[in-house]
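Each remark here refers to the structure printed beneath this line.
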Amino acid sequence: MLEELRMEVYRANMELPARGLVTYTWGNVSGIDRKRGLIVIKPSGLNYEDLTPEKLVVLDLKGRQVEGDLRPSSDTATHLRLYRAWPQIGGIVHTHSSMAASWAQARRDIPLYGTTHADYFYGPVPCTRDLTPQEIETAYEEETGNVILETFDERGLNPVFTPAVLCASHGPFCWGKDAAQAVYHAVVLEELARMACQTEQINPQARPAQDAIRDKHFYRKHGAHAYYGQG
Amino acid sequence: MLEELRMEVYRANMELPARGLVTYTWGNVSGIDRKRGLIVIKPSGLNYEDLTPEKLVVLDLKGRQVEGDLRPSSDTATHLRLYRAWPQIGGIVHTHSSMAASWAQARRDIPLYGTTHADYFYGPVPCTRDLTPQEIETAYEEETGNVILETFDERGLNPVFTPAVLCASHGPFCWGKDAAQAVYHAVVLEELARMACQTEQINPQARPAQDAIRDKHFYRKHGAHAYYGQG
Amino acid sequence: MLEELRMEVYRANMELPARGLVTYTWGNVSGIDRKRGLIVIKPSGLNYEDLTPEKLVVLDLKGRQVEGDLRPSSDTATHLRLYRAWPQIGGIVHTHSSMAASWAQARRDIPLYGTTHADYFYGPVPCTRDLTPQEIETAYEEETGNVILETFDERGLNPVFTPAVLCASHGPFCWGKDAAQAVYHAVVLEELARMACQTEQINPQARPAQDAIRDKHFYRKHGAHAYYGQG
Amino acid sequence: MLEELRMEVYRANMELPARGLVTYTWGNVSGIDRKRGLIVIKPSGLNYEDLTPEKLVVLDLKGRQVEGDLRPSSDTATHLRLYRAWPQIGGIVHTHSSMAASWAQARRDIPLYGTTHADYFYGPVPCTRDLTPQEIETAYEEETGNVILETFDERGLNPVFTPAVLCASHGPFCWGKDAAQAVYHAVVLEELARMACQTEQINPQARPAQDAIRDKHFYRKHGAHAYYGQG
């Protein structure tokens, strides 16, 4: 069952160490089959070199394990929360990649400083508020999903236009139309985070790029009038 | 047609990922055959691993596509603008390389802090002004070329002595006598940008190198009295 | 004798250059056989490419050499001091890894800024006081062990919950249940140290993660109620 | 002639790109045969991949070319000046390695912040004064050697105890008993320079390590009472 999705999610997981986004087991990718309402996700704490498509875990959207002997990622409840809220997304990734996690630890949004950012994110990458001690102690992983949704709701953000978030004191979650694009966005985010940090080091008074640059670059790549790539 | 130039531009493009200057498809190199008035450039949004010399696109200096089924780089109009203005140059490269793009996002010239810089650039690497919203919305890529030319004109810079520019909130364009040299300059620029940032971190009051150092090192490598290399 | 431990300590030593934690010969790993009261440690100043399991040195807990022709690591007395004081640990590693050693040179504890840290360390990574000139001149390596123990005693730290220390003006020592886990903690420490430095660069007013986050993440991975991994 | 020295200097040169200390042709290593009074040095501007032992250039201490068709490194006069002044040294290397060159551009000595530094350098790594315009314009490379000697003389430094210098606005020169050790010191210097920069970032009020630490670590590795390594 779900042969193709398993392979897709497997490949997306293996891209994380290949791109230098994870140390040891720090990270997990999932993908969803919207028709069947099933997700495929990395097992908890498994080394990437030991991962195979068969070892991936299949769950339904309520978190009931449908296939696989291994325990799913400890972050599974966060993935499920986002899949339930956002039907537009098909893949999710969580990492502790160095620069993005540092912005999360600094509890700051990543400002849109240039075209590299605007090519993929239509505005700053938001950082959530802190969870309350009660949220942490009761249903930590699900509440992590809730605070992500709260952040997007309160700021009126569209997850398709802003395909990543920083969880305060923790690290990034990214998503996309499928698992591969979610990981693509995680790679882009890490590079944006590095460049934003360097930009402020070079000029502590750096200002974000103007709105016209943001619009031009985002819509050069996205939507009906896009003219980047081979269409 | 243009077999040799195609191969040269292909090799220069492939040097970008090999030297760590590009993530995914972020970057493009072109070269020109001045006699025929034709340029060869990377197709838009193509992965480097899928690139072949045959897939490169050939255009005339007015931007009319002469060979190739693929759409040329979305930055083609910037390349063309520079080729038309500066007959001395034979190759152009655009990247979002991490440190050079960070200076561009910080909207600062890169000061000439030492001999590594002076060996290739006879003065600071200039950063353009912001484009106006109107320039961005009408003919963005061509206006990017115009603001580069404006920067060099207003400051009285010779593109052969200053073979790179930073486009504000965007990233670098570099050039040279051919595509290979343009990429060489892009590698040098990235290293200069990193070292200038580190220099200011180590000494926030760092001063540029004195003019005599700039003159000595630049002319040790360039011009009639050069004595570096096997000449 | 100690075939298995030799192999384990050999592999742990070789992991140091593989993970980028050492330059040249800067680092050493040891492991202990608690039943026999013997430790296995890297020889002093030997290049990793020349290391074999047979070249490792065996000593008893008083530092008497039991096997091996080579001189043991110059830091052996520090290892022995920790093994004698802490029966819970089975492996120790010392490196000069770039970011952790920089915090040690800055003489600062590494604050617990986020979940990456809390997954392995239940609080800041402590930095020792300076040794006195007398301690340095008499029995430097043993006194290094003493000041580590003093740091943990005075702060009431459990070495199992805080498996690393920074020696002021020097570098880190890490430990674990065996040599492999000690090196694992050294890799984690280096990444934490890098992220903490970046966090403060991005936000000079960064605050540590709240206690609830520390508790949640540490106990998600450790102790009776852990639910990370495959148990 | 000088087969062995050629091979030694060749290997030392090739170590530079292997260790990430040079970009393109930026760097050169030489070695000396004190009995014959001859030095072997890299040709100017040659790519490392094109270098062979046969292409190295042999000169006497007055700079007269004795063997080789290629022009010697443009920095040859600096090497010769140091060999003539310091009979204790057998190899010299010049690089533009990123962090050491950044300290040189910042025109600052590298403070001795810890044991990694003290294991190889008995005090700060000194930075020279600026050359005067006249010194630059007349005999630049020889005057570079002169200002290095002036720095060591005025500060009463022993080149064996301080095997490197930073040339203001330029980059490092390192040396050792032979070409291999000179390159070894260049690798150490680059790592020290990186760690010192990070140390000041983590703690802008960082103080150098105390003198007792400097003495302990330097003499643990050097001189009659050394006990590091296999003696």
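Labels for the chains are A, B, C and D, by order of writing; each one numbers its residues from 1.
In this section, a residue touches a chain if its C-beta (ideal position, glycine included) is under 8 Å from a C-beta of that chain, and two chains touch if they have at least 3 such contacts.
Quick caveat: nothing in here was measured; it's all calculated off a predicted structure.
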- State the superposition rotation angle between the two copies chain A and chain C, fitting on C-alpha atoms only and giving a multiple of 5 degrees from 0 to 180. 90
- Item | Reference chain C; chain at largest CA-centroid distance | B
- Query: At the interface of chain C with chain D, does the proportion of residue numbers present on both copies reach over half, so same, or stay under half, so different?
  - Reply: different
- Message: Quick check: how many Å separate the C-alpha centres of chain B and chain D?
- Response: 33
- Message: Using the touch definition from the top, which residues of chain A touch two or more other chains?
- Response: 200-201
- Chain pairs in mutual contact under the definition given at the outset: A-B, A-C, B-D, C-D
- List of chain B residues in touch with chain D within their complex: 113-116, 184, 187-188, 191, 194-196, 198-203, 206-207, 209-213, 215-216, 220, 227-231
- Footprint of chain D on chain C - complex, ascending: 23-24, 26, 43-46, 70-71, 74, 96, 98-99, 101-108, 130-131, 133, 136-137, 140, 169-171, 197, 200-201
